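One chain, chain A, appears in both complexes that follow, with chain B as partner in the first and chain C in the second.
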Partner chain A sequence: MPRFRQHTGLYLMFIPVIVYFLIFLYFPLLRAFTISLQEFRMIGDRPFVGLDQYKAVLADPFFWQALKNTLMIGAGQLAFGFVASLLAALSLGEVLNPLFRKINQMILYLPHLFSWVIVGGIWIVLLSPDGGMINELLKLAGLGQPVHFLAEERYARWIMIGTSVWKEMGYTCIIYLAAMTLINPSLYEAARIDGAGRLKQLLYVTLPQLVPTMKTVFVLQLLGVLRMFDQLVVMRNPAIYREVDVLMTYVYENGIQQFQMDLASAASFLIIAATLLLTFIFSRVSKYDLS
Partner chain B sequence: MQSYKIAAPAASKRGKGLNRRPRLWSGAADTRLHPALRAVNGLLLILLSLTMILPIWNSLIISLSGSLASMQPGLRFLPADFSLEGYQRVWSRMALWRPFMNNVIVTFAGTLLHVLLCSMAGYTLMIRFFPFKRLLVGFLFVTMTVPSEAILIPLYIVNKELGLLNTLSALVLSGIVSGFSILLMASFFRSVPYEMQESARIDGAGDLRILFRIYMPLAASGIATVTLFEFVSRWNQFTPALLYISDSSKYTLQIALRSLIILSDSTSGSDVTTPNVRMAGVMIAILPLLAIYPFVQRYFVQGLTAGAMKE
Partner chain C sequence: MSSIRRSTGFTLLVAAAITLSACGNNAAGNGNTATASGSPSQGNAPAQTAAATEKPAKQTLRILSGVAGGKTPEENEQFEQEIERLTGIEIEIEKPAADYSKKLMAALAGGEKYDLVYMGKTEMDQLVDQGVLTRLNDLIEASPVLSDPAVIEPGEWEQVKYGDGDIYSIFNKKEGGTLPIVRQDWMDKLELDQPTTLDEFYTVLKAFKEQDPDGNGQADTYGLSTSGLYDIQGFMSAAGVKYRYVIDSEGKRSIPYATEAAVPVYEWFAKLYKEGILDPNFATNDTAKMRELFLSDRVGMVTYWDAWVGLFNNMRQTEDPDTAFVAKGITGAAAPDGSYMLRRGDPSVWGIPVNAEHPDAAIAFMEFWHSEPGNILSTLGIEGVDWTKGSDGSYALTETGGEHGMDHGAPFPSNTKFVNPIGTLPGAMEAREMIFSNNSAVELSTADWPNAEKIVQSYAFKAMMGELPAAEAVKSMNAELKSAGLID
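Right after this comes the complex of A and B.
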């Protein structure tokens, strides 16, 4: 007990954290689970209906469409984001002039500072059919009629992928760059003595040494994919809903806008389950520890 | 308490590494790229940077164009018919100053409280042994695996029941602590010699005093990192505002801009939002971020490195 009292100050300093997470995380989590088993009304009784809401979600073609869109857009963002940021990091690593490297680094990271409302706003104007810069450039290249990019289903997902790579590549690039500075120089020396050229040093030293970082980045971004929301809320429009509605917009639409909180809670529990499952699998596979 | 002030904050040495070239080929001249390849590499980097800059530049020149000129098609790299009309209209006539002020309030209050509470919790976790420490860590770990977006519905209900809908308090409260910041703080505090805390305790100093007088000053650059991350994410805070705020006098910048930029096509009436007005809104929203960015870039890098290297 005296040992316990000695640490009173420590516990007191942690209390706000506990209170906050109990009210705004653990309790809502429990609440979401109960709601997902009920027929929910804001006022009045809420009969329990078992797994009916889950069945309703799984029978909803819009849910499956949202899942498909999430996976397709997410896969694109992961793949292209990975290649772009890695290439940028390797390229920055070759720059000798520190000022030039620093300026490029700063510029690459810049879009990550902006919210999706800003990035969406910037790109909606760029892609606009009347006078947007992209269309003006296409016209200059003699490619005919202006395209209404954001209203065409076949471009929709690509635009979500492209703008996301544009926004986030600098962030990932800096992570790779930081990991590259930590590679032991003697590895390169040893490779050189064994007669490895530059390409071989890249293939057999740099890239293998970056694999742990790649795994970390991959897990974090994979979890990010399941919760993508802001970008789509900002950039979608009725013409392309079918192609770019994702899981979180599905939850938001059904829960907040159409007030079917029971259905939406069931859907979000499926998302949580998927997140936990993926975290588990990949922490096993990559030995990556979130803490 | 003077004696605790020790020079050379240990944490500030981190993060500087990125401003040097990664020592891949450790200086030997024959390992540099062939000059021609290096030129190509530099050129590609310039192109890449241009794809980042041009979209922002495009928004800037539209915001500085006259209302009529901003609607004209044509490729431009300088403002057409230079005027500040867009800024005047969006700031006073469309009253963007109000969401801007709301944003300032939420950002400052939120960031201050976040840094304070997270540094307290981080200090607790930095202490090596005390009863129930593992329980606290586990409690925090769970919060980091549950995506907050996934509990958006019950969060809405909780805020409604607490009477927080349409208040700025709801926005300040949302994310007032985070597992990420707490662990980051703890790791910065760990770079301060552990004995300092022990000897101060023997001298009779309490935990709060030790935290504020010793740890915060010594881990100042760590504190700066968390503060900046939080400042930026508060300034950009979107989802909570979208959920909890429907009263337009309580709008924050991101929500106000969303209706200005995205939904404005459908607004009728005399005030047609021309492109220069919209882009002026965008510029006003990113100006504070751009203004601090060059000075604080180092801390961003430091935070990223600390966050990513923790595996």
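Right after this comes the complex of A and C.
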């Protein structure tokens, strides 16, 4: 209590933040949870239906298809994104010319700055069968019929994974590069004295030193897996809906387009629960301290 | 600490002073008002003065509109003023620029009070289901305008009836339908006859692809473009099958596009796709992209709304009065018995929410909307802005009116007595006639349709793009719809 009195001013400064979160986060969350237990009606009574909406979501084959798509696309983004950004960081770490290094860093980072509306639009044009650059290159290579990459289910998930990795790897790469600058140079010096070459320094000094950062990056990306949305809304189309519909598009379609707010709220809480579960499992497996 | 207390005390003192002085001003103001009005400031005189000078509270009709209104915020204000001038009803029209459906639902769920809301069939189904709309049967029967069979044809009401004949909405306009729209100037140039069978359509579309109809010396044209399955009904007509659901007398649901009858049409599309006659982006196009291809001489045929025949012609003629561009609606492919099966659009309607504050004024506005002055406003637009009237009583569009294409919410009003004084845009009326004289019916959808549509689209595209043999695609489509409980 004396410490509280000592820093009263500081604690008072917290009040707007607390009020902000209460009004704009926890109150809507509570309202959504209430709606998930009701039969939603825009006007008039909303009868309490218990867990019926949750049961309806779990009995819906489109929810399970969305979950499957989410996990497949999410796993691809996690795995390929993890490896690609790490490789990019390690490669840039080996570049000695600072100007060349900065230019490459900037090129890698640039796509992260654009919204999915821009990036998705660029890829839709690049992949178009009617004059798109990829198809023009394939034509030059002798492939006759243009390929409609965005309308064929077999390419759909891979395109979502590839474009996502392309867009976000620069951001993660910067985090790794920042972590690499903090590695104690004496470790490299000791390794060199012990006769370690570049590869062994990489394997036995750089990578082990990056493990805590890797865990942080991984958990951040894991938290986002079940919430992927913008990219899919921009890049999907009716021909590939069934391969790329994810949990958040399921919520969006039911809640916003069909206005089944009760069902959508129940689905949202299942997603929150699944996210917590995934994070908990990861923290247990990797012994990562979430706090 | 003591300085904080001092400053807090000072702040409170200032706040109290401001509050007290505000009260004082208020009182003074009241006193001044009474004096200015010449009433002695004693007894109940102020109350009497207020009653004597008080006008009846003016009602403002609040409308949430998707289509009716001005094309710009400025014109929307002029639109409101024009309605007030013509009806005496003070009106406030909110017309969102995009995502109308979402805004409608969000506004109503958020407790916004509107007297009248515009909506499509899907939104109407949802709002009726949720008890948001007022039952209008009695109000319509009591209205000499809305119950007049010459204003709204009795058969039309069947489209908006629920349960035992309950009506919750009033038509915005008389809906047309979609049909193939062809570049008639290209047909004439290549000396092609109007196609009526799938084979004849193939010949025409192939010629559009291969015979350089735009004369630029490059092989850069396609025969046909669509926006996904929207709307291939003009070609499915050859198989006599209709999009969305068909429910038989026993309540059994089927989706004709998922039956064997549709296989030859999917095969026909696969042939077009393989030969590069069909726009390769057809599966991912939105309607804007499809329209752009048609207007920019990239494609010879699209499938779209009848009213757009006139709009296409108007756009190109406005851009270049000497253009050779001529769009024309055609009836699609005939079934073996010579009949056609085109699609009529879902009704677009107005409803009165149960929390509306001025339902009577809303009905009065609807009566105006379906009267001749309302029809003029909903088509030509605002007098003096979109059109002018000559001394001989003739109407003429202004430059702005010409750009707006005689569409201010209802280009084809329901009122059968209304004749557009300017006439209709070139080709639009002929296309409309084709819709109404060729077995065009509204498609039937249920709450399950969005899920069923995903399955239908997925397999239909595979068949049309040749990824799967059409017969196999239809078989899988049917099986999956059944296993998901979406057909019986």
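Just so it is clear, the second predicted complex is superposed on the first by the 267 of 291 C-alpha atoms of A that agree within 3 Å, B and C clash if a C-alpha of one lies under 4 Å from a C-alpha of the other, contacts with A are read in each partner's own complex, and residues count from 1 in each chain.
The rule we apply is simple: contacts are C-beta pairs under 8 Å (C-beta built on N, C-alpha and C of every residue); 3 or more make two chains touch, one makes a residue touch a chain.
Source: prediction; values computed, not measured.
Tell me which partner A:Leu182 touches in the superposition: chain B (first), chain C (second), both or neither.
Touch partner of A:Leu182: chain B, not chain C.
Could you tell me if A:Asp130 is touching chain B, chain C, both of them or neither one (first, second, both, neither)?
So A:Asp130 meets both chain B and chain C here.
Just to be sure I read the superposition right, which of the two partners does A:Gly195 touch: chain B = first, chain C = second, or both, or neither?
In the superposition, A:Gly195 touches no partner, neither chain B nor chain C.
Between chain B and chain C, whom does A:Thr206 touch in the aligned arrangement: first, second, both, or neither?
first
Comparing chain C with chain B, which touches more residues belonging to chain A?
B
Please indicate which partner A:Gly142 is in contact with in the superposed arrangement: first for chain B, second for chain C, both, or neither.
Touch status of A:Gly142: no partner.
For A:Gln258, is the partner it touches chain B (first), chain C (second), both, or none of the two (neither)?
A:Gln258: touches chain C, not chain B.
By the touch definition at the top of the document, which applies to A:Gly50: first (chain B), second (chain C), both, or neither?
It touches nothing on chain B or chain C.
Common interface residues of chain A with chain B and chain C?
Shared contact residues on chain A: 124, 130, 256, 261.
Considering the complex alone, what residue numbers of chain A touch chain B?
By the definition above, chain A touches chain B via 3-4, 7, 9-14, 16-18, 20-21, 23-29, 31-32, 35, 88, 91-96, 98, 100-111, 113-118, 120-126, 130-131, 133, 136-137, 140, 166, 170-171, 174-175, 177-183, 185, 188-189, 192, 198, 201, 206, 212-213, 216-217, 223, 226-227, 229-230, 233-234, 248, 251-252, 255-256, 261, 264-265, 268-269, 271-272, 275-276, 279, 288-291.
Which bits of chain C are touching chain A when the two form their complex?
101-102, 105, 108-109, 126-127, 130-132, 228-229, 274, 279-281, 283-284, 353-355, 447, 450-451, 453-455, 457-458, 461-462, 465, 467, 484
Okay, in this complex, where on chain A does chain C touch?
These residues of chain A touch chain C: 40-44, 61-62, 124, 128-130, 145-146, 148, 150-153, 237-239, 241-242, 245, 253, 256-259, 261.
Would you mind writing out the residues of chain B in touch with chain A in their complex?
17-26, 31-33, 38, 41-42, 44-46, 48-49, 51-56, 58-59, 62, 71-75, 117, 120-121, 123-124, 127, 130-131, 136-137, 139-158, 173-174, 176-177, 182-183, 206-208, 211, 232, 235-236, 238-239, 242-243, 254, 257-258, 261-262, 275, 278-279, 281-282, 285-286, 289, 293-294, 297, 300-301, 304-305, 308-309, 311
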